[in-house]
Structures are given as structure tokens and as C-alpha cells.
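Consider the two complexes below, in which chain A is the common component and chain B and chain C are the respective partners.
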Partner chain A sequence: MALDSSKTTGFKYVGTRPNRPDGLDKVTGRAKFGADAYAPGMLHAAIKRSPHAHARIIKIDTSKALAMEGVKAVVTRADFATGLEGEFGDILENVMAGEKALYDGHAVAAVAATSALIARDAIKAIEVDYEILPHVTDVDAAMQAGAPVIRAGAADASVPEGLHPNVVRYYESGHGDVEAGFAEADLVVEDHFVTEATHQGYIEPHACLGTLGSDGKGELWCCTQGHWYVQKVCAACLGLETSQLRVTASEIGGGFGGKTTVFIEPVALALSRKANRPVKLVMTRSEVFRASGPTSSTSMDVKIGMKKDGTITAAQGTFRLQGGAFPGAPCEMTAMCAFAPYDLKHVHQVGYDVMSNRPKQAAYRAPGSPMAAFAVESVIDELCGQLGLDPIDTRLKNASREGTRASFGPTWPRIGLVETLEAVKAHPHYVAPLKKGQGRGISCGFWFNHGGETAVSLALSEDGSAQVAVGTPDIGGSRASMALMAAEVLGIPYEDIRVTIADTATLGYNEISHGSRVTYASGLATIKAAEDAVQKLCGRAAAKWGIPEDAVYWEDGYAKPSGPNAGDFEPLHIDEITATMGATGGPICGHFEATPEGAGVSFAAHIVDAEVDPDTGKTSVVRYTVVQDAGKAIHPTYVEGQFQGGAAQGIGWALNEEYIYGADGRLQNAGFLDYRIPVASDLPMIDTVIVEVPNPGHPFGVRGVGETSICPPLAAIANAVSNAVGVRMRQLPMRPSRVLEALESAADG
Partner chain B sequence: MVDVALWSGLRPLVGGRDSVAVEGGTVGEILDALRRDYPALGPTLDAGVSVVVDGRVIATSLTEPVQPDSEVVLMMRLKGG
Partner chain C sequence: MSKTHVTTKVNGDEVEFLCDPRETLLDVLRDRLHLTGAKEGCGTGDCGACSVTVDGRLVCSCLMLGVEAEGKEIGTVEGIAEGETLHPLQQKFIEYAALQCGICTPGILVATKALLEKNPDPTESEVRYWLAGNLCRCTGYDKIIRAVMDTAAEMREAS
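This part shows the complex of A and B:
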């Protein structure tokens, strides 16, 4: 019989909260992360980095480094492939500078030596002659006439004539007539907002161990969100045949989007090829800040018109994103997400991708969306305040829902924003009294989510247990979720399923663990692979009973005849079938390979209470509630963890975190002492509410949850602080000095 | 023929229209038709787009079917974190 496990209720395993399968390894230190790999004869590598924000490389003299005892290889750009263009060309240029160093920290050479100490000493012996060039690190300054050109000719066809060459991509969308809409409004608020670049702040620095022989065959162990992508990029950068490089993903100590690209792996492999020995390369924390990818900084203008009854009449936004020395700042995502929560007759949004002399930006959870929400939701808060409107009722009045037109064009399918906002309104936090000096803020947030290329293989053992091989690194507890979904289909206990992250030689191509796609896409593939195995189990039972295969169905771990006409047979348990599978047709496995395209978008709304010390300007978040549509929470504890993680990172982004550049274009705070991420004592308990509006594109209704939770915090916290101090906060982070300045400027009138 | 709605940044490339009609029964056929009938869109399409078909965002698959009465909207390619 054709098997379809689709359902949104009546689950046995899905929705429960078992211990994570990798938990013991993680808490005992047995789990192997990027830097935990060793190989016989292994060398240690270090990278020489530019101290200048922008400089032409005149000459690199490696002779003194090569002469040092223990140094086995030195590489520069000359040791990598030539002729790469586009995405891979940019990655290689970022991995190892060519003609110019484009930012403080840009790699210019690397050394492999018999110890990490010798390697670090050797890079000091490499002499680089630079011609220092003018630099720019601010997004608005980079767009001005006369700003230094980072890389001529980098703009694509989307950029209108007349813009500075540092504007490399342009996006514009919308519908209606915003001027007519503003004319209908009783109140129009227009404001300017600024956010600084922040780092994903993953605890584990980038690390890898690479082996590459002169025969073009290699092995790479690395900490990444997507090892098939690493394989593809490294093969291109080193001129290899892709399949000859096997890449294995280590356990990952956080990624949040920052490990969706490549920074050091081609360097380790190039050194290994030259030294003919395995090479280990581990970034220092300072290197992580200086030379991996933070998120974009932004400069934004938002204008919204509203009637006295709360109806939004028009909305307009201009979003300028600084993306470092390469194209790729997610200006289109910022623009598309900005007004997505609202059903707007007149809307217009513009995005600019702007280069500067900073490290190449990388994705950070819902890239581009949190900044847009900060600007838009701040203006909506201001409108509600001035018009005396309830902020939730106002958002509900204008909320996007099934059948309304999205601000970026299409008609919404089934979405859960209204249910999310209603859950906020019903939450005790929303009406809890505030103390003196406290303010409350709320915000909506939106993210698309993603499907992508996915392959899963499931193999049954003779004892009826199952092994599931997936290709998406487990960045948020996905092994538990996969096991729960497989258990649901197979009808065997969660504990009888082992989920492994396969290497690139084991499965077909798997897209990166990004776009909140893993529980959706790998989950869908796991369900389909399990259904494939169940189909075969039913076939074996049918053969044993001598009845047609479609006269057998699967229930709770048993093959059963489908009715009296099928015959009177005792149900066969899975382990009765697998015990003899070798003699009844061979191993039983299930497979699924596809590109699922039914990812469901998700919305969140956060409630924040903040307390501001008027003497110091320090903000304390005293209460925080996250409400988000998960579609279906497969493992609710991990869904709640994603909600809380987004809120925690948002608190850091809103209050403390920022890349600080000096006048010399050098990063001033490349370490956790000076770049302050929140610690436990900075955070309140973060309450969570899981809303479940099933995604019709997934058999169990899953929507992605990993990114949406970071979309509302910047705005919700800014609104809380603004309401606490009575001054609109327009720039992040709201560090104490900035809050004091706002208070003083308000006092000055 | 299928109407394909364009984001406004693309409209100058197709004579100011906010949508264009092309032949195609799949996402891939529609993208091919756009390249053929509106060459100015080529660089944008080559850089990567998503196609929203009746509210479903198709990011990768060219084989997704499209009906003549489908709502089809061109969108910048999505990338997550």
C-alpha cells in the first residue's frame, strides 16, 4: 500500500521531550569539535594577517619564515587556483588576499610548522610590503562621492547609474502609491535608525584538520554548518575534483549562520599539499572577530502613516547594509522582511548592499530581518504611543493573514501571525503591572525559512533498531528531532534510533544547515526514508503471508493484514521481519533524496520589560516572553531553546554588542573582554509560548524555528527602553553611554 | 501564458511593466522563457532568484509545476543563517 504518514495530531513520539542523543557526549567532553582532531605527523598552521584596513600588497618575503627550524610550508595566494569568479572567487579572495588587503585582519600568507608556537613565530618572520590606501568602514560614508573604492567593478546589473561603486547590489519592491497612502494618514512618523555590526558569538572558533596529497585526494575535518558546501568551495579554491575531497563535519560549538561559509579550510589543505602532511588550523578568538563574518551594520529610514483607528495607510523604508569588502549584504532580505507582518495597500522598500573595508559579512540568524524589524517596529510603537493605541490591537488590525498580499508581492498562504499576536494578548505578561523606571516593548518579527537539497538514508538492523544518516550538521538538537520523526513512522521507541551526521562520501549533496531548514527538510526526508523502509517491511510481510503487498499496512511497529479479505495472520513486529531480512531479500533500507520546496514562513512576537538606571544609563531586561509559530514542535524543549537563544542573542545585539573601528580602520575590540556578549547574569528567565499553525508543506506541519526568534528582540527591547526613559532610541546598541546621551538630550529639550 | 510579477527594481528592464506574460509549465520553463523573451533580465536571473508559486517559495527546484492561473512572483534568492 502507498504510505503517507502525514498528520498534525495524534502523535505518539513527536511532541515529547526525550533526552538528546548527544547529551552525554557533550556534558562529559567526549564530543569531538573542530579542534579535537589529531593525525600522525600533523603540522600546526598560523595565518599572517594584514594590519591595515586597505593596502596594496607590493611584496611578500617568506624566506626568513621558511628558514626557521620546524617550518614545513608557507603559502600565499599563488598556491591557490586562478581564474575563479563570482561567489567562489570572492571566497578565495577573502580566504587569501590577492593584490590588495581589503580589511584589518585579511589573510595574506600562512605557515605550517611542527608546533603551533613555531607557526605563530614564523608568521612574524614573513615580511610584507604594503602601499597603504584610503579606507572607509561606515556604510553612509562608503556611499558618498569621494569615498575610497573598495573593489572597482564589483557592482551587478541591479545598481542604478550614478551610485558610488561601493554600492554593489540594489533591491526595490512594493505596490500601491505610498504618497497617496501617506496623504490618507492622520499621523505620519519618519525616522532614521542605525545598527552596528555584531558577531554571531559562537563559542567554538573555526577549526579544521586537512590532509591533501599530490594525487589530488584529500580528507578534511572541520567545524561547519555545511560540509558539502565546504567540499565544493575547497575543491574550487584548490583545483580539485570535488568527489576526491571527503569532508566530515565535527560537532559544532555554535554557528548561527557564521559557519555557512569558508574561511580557513582551503588554507589548511593548501599547506598540507605543500608539506605532504596533515595540517591543523585553529582560529584564535581575535581572528574570529577580525576575519570571520559578522552581520551587516545598517543605516535605515522608515516612514509609516496611520489613521487614528490604527489602520496603516502606507509604509516606506530605505535600508543600507554594510557588508564588508565583498558583495553579499542581505539588503533584499532586510527590505522584504521589513513590512512582511502587515497587510499594506501602499508599500515601498529599497535595499542597498554597500562594501566597506571590513571583513566579509556572514549570515547571522534571519540575516537582515532583525535590523528591519528594529526600524519598522520602532516607528509603529511611536505611532501607537502618539495616537494612544494598544500596540497589539494595532498590529492585529493590520496583520498579514492567509489571502492578503505580502509587502514583497505574493499572496500569503496559511500563516500564523494572528494566532501569535492573540497569544501575546492573552499572556499574563502583557498586562502585568510595571514598576517605576520600567518600560514595556513589543515587536513582531518575520522570517522566510528554507528547504534545499536534502538526502537521508535509513538502515534497519537485525534487532529492529534503526540508523539514520543525515547530511545536515546538528546545530540545534536536530538528531533528537530526526529520531522522533523516524520513531513516529516506524513505530519503534526513540531510543532505538541512532542518528548520525554523514560525511560527504556517504550521502548525496545536502545543502547547508541554514535557513531554519533542518527540522523541515531533513525531517521531511527522514519521514520519507522511514516510509520507504516501512514499504519494504510490508513487502517482506506480504511475501511471508503470500498476499499482495497492498494488502498489508503498518501500525505501531507491526505489519498487519489490511482486513479480513487479506487473510488472518498474526501481526509481524519489525524485529521479526528484520531478524530474517538477510534471507528474505537482503538488508532493508529507506532513502529519500529531493529538494523540498514547502518550507513554511514563521512569525514571532516578543514582550520585553526593561528597567533603566537613570544615573548610569544601564539597561536591565527584567522580563521577557517569546511567542512564535513553530508549525509543529517536534521536540518542544529544543524549540523553546531556539526561542530563548534568539532572545538572548537579541539582548546582546540591542544593548551591548558592536564592532568598534578606530580612525585607522582597525577593529578595536576583537575579544570577549571588549566585545560584550550577554552572560547568564545579564539575562532574565525567558518565557516561551509555542504557537502551532501547521505548515501544509511538511508531513507533520513543521515550520523552521531557528531564526525567527532573533527578529523581534532588537525592536522589542528598544521599544521597552524608549518607553522606560521617554526618549525614542534610534541607534543600537543601547549601551549605557548612549542611553545617558539620549536622556541628556531630552532634558535639554 | 503565465503572468510573472516582478519586483519593482526589475521593471525598468521590461519597459516599466510590473508583470510579464511568458509560456511555461514549470519554474524552469518560466525562467527560460524570461531569459529568452526579456534578455535584460538575464543577469538578475543568473545571479539567482526564487519563484513564488501560489504562495510557495521555490528556491531551487526547476521542475515545480506552474498552472496557467497560478500566481507567480519573482523574488530575490533566499539565504538563511
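This part shows the complex of A and C:
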């Protein structure tokens, strides 16, 4: 009997809100994060970074540093593997510059010493001769003829002839005939939008502790969203066999996509190999800003045609993403997400991935999607305003639903956008009166979500409790969700399950915790591993009773005889079976190793009330409501937390946060004082509504929830501010000076 | 550089250490005393992850030198619970899911405990402004504020 515990209703544990299993560790200070590990004989490392945005490295003289008391090793690019290409080649080039420093903050050398103070002093003693080259940090400027070339030959085959070599990837999709569609419209609005680069802003800087011997065997502890990926990348950068490097993920102090790649781990390992001692390497906050993943900045053009009744007749968008000194800006994602919420007969979207002298962009929560929503949802707001249409009714009229052909090609399966918009319409916030100086904005947002390679193993103990080993770092309470799903299948209490984040030596490959995949994919894997264990439990009961295995079923933690044998035997509780498992066939474990493909896309819509101070131009968000389809909320409190966290990050992106570069190509605001993320006094309570339209691709209906929540806020807040000041806000962040300019232009106009 | 001998009290226990005059109190707590509950989020006084109390006063331990701890009483997150009994704030933070990643939590707990000792009946705005120096990137603060307000109410009732 193939066991199948799929269901979307009638849950006992799923949907409840128990305390998280790692709660005590985290409120007492004993949870161990990246920088909290120490080893006997450990050295401290520091990295020398380029002060130039673009420069040829003529010579690196490390002799003075090496001569210092307490300095045990210095590494440069010469201490890493050679001949790497593609993704790993780019990562190594970013981890340690080769011939050129490509951005302000690019690593050029590193030191390990007996104390952090000595390491920092030694960095200053390293002398680097540079030949300074012209640089470019703006996306539009980087595409212009004559712009400095970051790296010749970096473009792939997707890029049409005649574009600047800094354009390294090109994406185009759509269907219908947009010109014909625009001709049918009663009103066409076309506008240009700009967003600045922002940082994920996790509070924990990148940190690791590495040990590598001359035998090619290593141990690495680090804060990462994906330790198998770190293992693979480090092995490549250092010329090791992958399996010889064991990577353990620490507790992770926030990632949001920024810890899906590798920045410092190969450096710690290279230093360790040279010094033959464990090496700890922790980024400072300014290094985090200068050299770890910001988002792309963007320059976008969006054109939408609408009939008087609100029907969208055609939509077209061009999205240029600045991705730093390497290929990889998510231009396809931006283009694909842009019009995804809408059922369009005529649609066309284009994306450009553009290199510049900035740090390599990294994923940030639904990478690329929030910017697209900002441009598209602003134009829709403008159309609704000019045509006197209700913004929710208009979106409902055009909403994608099951069977709609998506703007980027596929046909939508069961999706929850209509239910989400209806929940917005029904929310008291949507009709609450506004005060003078306030404006309301709404926006839709879309994200794909992802499955990916996943391995989970579940072992039963003699007393009937269960240990679950998962391979996806717990960023925001996922251990609790895993335990709830395992409890549901096994029929044992949540408290009887212990979930551990396993190291790379313990499980098969687990893809990074990204794409909102953890509750979906590791959750599915946990359910399947539990079903596998239940199957074996039923087998042991069948053997004991002398009946066929498929004549036993599992209910509420008991094996029970079914069919013709129903009632013949007393049900066996899980702990009765596990108590004797050594004698009945050995340990009982469940496994799942596969690549689940059924991740369910998710849509959200946010309502924002913003108040603008006419004297200072400062915007306050006075009320905020998030409505999002979660498919099925396994632990609703943590789902709400994801909704709130995404909204808060979006508020920062919309109002304050930006990378500011000087004319010299140096980052001007590499600290939390000048790069201001929202603080408690900036924000209101953030109301949440969880919509549940089950994802057919998950046994319990789960959709990813972590990322979609950052898609609508930029647009929703821009619409609110635009409606408050009476001027369309086309550029983020809407800092006070920019809002004041808008107010002045309104007064002049 | 020669090191300085410092005698201080941390969470009620007498401790001695030698430190470089350039080391911060946070460096000393973490690297010399291995009390890693206080975190370094910025090292510049902007994030509050390193919050501790010094003679009862809330400070960023990244902005104070280790040598300045001489003769003082330091309180860190490791000293908030009493034996196996969690402080009501710790309990409520777990119940309210007032943490996602938890890196900001030690600092926020130390800061809010100091607030409630000064002001057992804060308004929501007072809590928000008191915590304006403690960055949390995960939660949007909503559940943190609720947890603090509820703890304050419960502690008032209990006293």
C-alpha cells in the first residue's frame, strides 16, 4: 500500500501555533551563529580590499605584513585554484581579485594572525600598486557607447548584436501584437522608472571558521543559506574533492538571499591551509555593504493601454538591471514577473543584464520582482486615476486565474490572485477614511517559488520519538514547520520530534534555502520521509500479526489492521513497535531524496496609507495591510512574520534605503547610520491576512511564502505617496528631498 | 602592545581578564570570556545587537572599551533568566514568535528589560522609540512590540 497522507483539511497539528523548538536557545544567547564558533589554536583573519572602483593590480607586496609578529599567513589570488570558468570562475574572481579590482571593496589579499587586532594592522601593511582605470556605476551609463568595459567577452549568446559589451544577457518574451493592443486602448500611459540598489541588510555579518589540512580534508562552519553549495564552491576554489570538505551551517542571522552565495569561506580555508591552523573570518559591517550582495539597481520603461471599462489592452516593459561587476542580474525574473498578475492578450517584455563597477548583485527576496511591480503597478495606478476606476476592481477585471496564459508563456494552474484581491476588497482597511495629507496605495505582487534538490532523513528512537535531519538552514522558524508536518504524518505530538539542520556529511545534496523553498520542498521531503517510516512501522505490525503489509493502516500514531482483519488485533502504538525494533528488523528510518517540481506560485496584494509632511517631505507609513496566498499556512504565526518582514523591507526600499556612489566610484554610505533600514519607531503594526488556495503540488497545499511579501510594497507605497502629494513618484527611494521636489513641482504645475 | 588587567563582574560573577586597550567590551565578552550572546552587527553603535547593561545602564558594548569595565557590573543576555526560569520577556518572545532569525534577540531582550525596569507601563510609542536603536531586519517589529507590551502588562499584574 503506497501511503499517501495528502490532504488540505482535517489537520491535527498543521495550522497550529506551537513554540519554536529552538526558542530557548535563541532567547538565552546560547544559539551559535556564524561568529560564535571558536577552535583551539584558532587564528583571526582580515581582508585587504581595493579602494578603487576599477583598477589594474600591478603588484601586491606582502612582505611587511608577513614580517609582523603574530602574522601566520597571507594569501592572494595565487593561493587559489586556476582555470575555473563560468559560475565558479566568477565566484572566485569575486572572492579574490585576479588581474583587476572591479569595484570599491573588491578583495585583493588576506591575512591570518593570532589576534583580530594584529590581522587588521597587518592588512594596512600590505602594499598594492594599482593602475586606476575609468569606471562606471550607473546602469544607463554602463550601456552607452564609450562606457568603460568591465570585462570583455562576458556576454552570452542571448545578447543581440550591437550592444555594449557590458550588456551580458538579454531576455525577451510575450505574445500577441502590442501595437494593435495599444491602438484599441482609450488611454495609454508610458513612463520611466528608476530604483536604486539596496542591501538585504541581515544583522549578522558573514562569518566562518575553517580548517583545512595539507591532506585536502577540511571542516567549515559558516552562516549560509546553503551549505552544500558552499561545499561545492569552496572545493572548486581550492582544488579539493567536494566530499573531503565537511560544511556545517551555523544558526543564520538573516539572509534574505544575500547568503545564497560565497564571499569569504574560500579565503578562510586558503589561510588555514597555509598556516595549518583553524582560521576565523568575520566581515565588518562596512565590508558587508561594500562587498556582499546588494540588489540590482534598475532603469525601466513601462507602457500600458486601457479601455474606459478598465480592460488592459496591451502591456510592454523594458527592464535594465545593473548587476555589478559580474553577469547574473535577474533580468529575466524582472521581465517575467512584471505582468504576471494580469490576463493579457498583447504583452511584450525585455530584460537587460548590465555589468558595472559595483559589487556583484546577489539575490534579495524575490530577486528582480519588486522593481518590476513598482513600474507596472504605478502605471496601472495612474491609468485607474485618470480613468476614474477603482484600483481593486480594475485588477480583478484583468486578474490571472487558472487557465490564463501567463505573460511569459505557461498556462496558470490553480492560483490564488482573485481570492487575494477579493480579500483586499473585503478588508476594512480598504474603505477606511483617510486624513488630510494622506494617500492610499495598493499593489499586486508575484513570485514563482522553487522546489530544488532535497534530501531529508527521519529516524525513530526506541521510545517512539523522532529525529528529523533536514538540509535547509532554518532562517525564520522552519524547524517548527518541519516538526508540525512530521507530527501530522506520524500521529505523534509536535514536542516528540526534534529537527536538526544536518551537515553536508549527513545527507545528500540539498539546494540552498532560497526561492521560498524550505517549507515547500523540505516540508514535502519531511512528509515523504515520515510516510516512508510509517510504511516500515506498518510492516513491522503486519509481521507481528502475520497478515499482509497492505492489510495494515496508520492512524493517529497507531498501526491498525484493516479490511478482513479489521478488529482482529489490538492496534499497536508507535512506541510499542519502536521499543522492539532492534529485534524485529533493526532501526526504522524514513528517507526522501528527490527534486520536487510542484512549487506553487504565490500572489500578494498590499494596502498602504502614507502620510507626507509638506514641510520636510518625510513620509510616514501610517497603516499597512498584507494579503497573500500561502497555499496552506503550516505555522500561521511564522507565515505572518514572513509577510510582516517582507513589508518592512519593502518600506525601507521605497522610502530610505539606497547605495550612494560618489563620482570616484566609491560607496558613500557603507554603514547602518547612513544606510538607514527601518527602525521600530518608523513603522506601524503590520496587519496580515493569510489566504489559503492550496498548491496541488504539495501534499498539504503549501506555497512558498517568504519572498512574495516584498513584491508589492515598493509600488503600493509609491502609489500611496503619489496619491498623497498629487504627483507620480517615478524614482526610489522616496526620500524627503525627492518628495519635497515633487511637492514643489506640483505647486508650480 | 602590553595588555591591561581588568577585574569586573559579569552577570553577578567576578571575572578577570587581560586585554589590549583597543579591544571593545564586546570583543572581551565574546573572544575572552566566550559569552557570545551579545552580537556584533555593526561595531559602530548603530544596530544594538551588542546591547548590555553597565551598572544597570543600557550601552552598546561595541562602543565601550574592555578596560573601561574595571570595577563595573556588566549584564548580558546570558544573565537574564534565573536558573531554569526564563524572564517573562524571554517567555513572551518565544510565544509571540518575536524572533525569526534571532540575531537581534539578545540585544532587544537586554534593551527591553532595561526599559521595563525604568518604565513598567510604556505606551506602544515609548517601546518603539526605546527600541529605535535595536535593528531587526526580519520581523518588521510588529510581534516584538506586541510581546513587550504583553510582558509589561503581565509583569504589572504580577507585582
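Please note the rule applied: the second predicted complex is superposed on the first by the 744 of 749 C-alpha atoms of A that agree within 3 Å, B and C clash if a C-alpha of one lies under 4 Å from a C-alpha of the other, contacts with A are read in each partner's own complex, and residues count from 1 in each chain.
The rule we apply is simple: a contact is a pair of C-beta atoms (placed from the backbone, for glycine too) under 8 Å apart; a residue touches a chain by one contact, two chains touch by 3 or more.
None of the values given here were measured: they were computed from a predicted structure.
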A:F256 touches, of chain B and chain C: first, second, both or neither? both
Contacts of A:P413 with chain B and chain C, given as first, second, both or neither: first
First (chain B), second (chain C), both or neither touched by A:Y38: second
Partner chain in contact with A:P148 - chain B first, chain C second, else both or neither: neither
Which superposed partner A:G216 touches (first chain B, second chain C, both, neither): neither
Chain B versus chain C as contact partner of A:A366, first or second or both or neither: first
Which of chain B and chain C A:L673 touches, first, second, both or neither: second
Residues on chain A lying within both footprints (that of chain B and that of chain C): 200, 256
Parts of chain C lying in touch with chain A, wherever the complex brings them together: 20, 22-23, 27, 30-31, 34-44, 46-47, 49, 76-78, 80-81, 86, 90, 93-97, 99-106, 109, 125, 127-129, 131-146
Touch list for chain A against partner chain B, complex: 156-158, 170-175, 200, 256-258, 260, 330, 332-333, 336, 348, 362-367, 408-413, 447-453, 514-517, 595, 597-599, 601, 697, 704, 707
Chain A contact footprint on chain B (complex, rising order): 5, 7-9, 18, 43-44, 47, 52, 54-61, 64, 71, 73-76, 78-81
Chain C-touching residues of chain A, taken from the complex the two chains share: 17, 19-20, 22-24, 26-33, 35-36, 38, 115-117, 200-205, 251-256, 282, 284-285, 475-477, 637-638, 640-642, 644-645, 647-649, 671-673, 677-683, 685-686
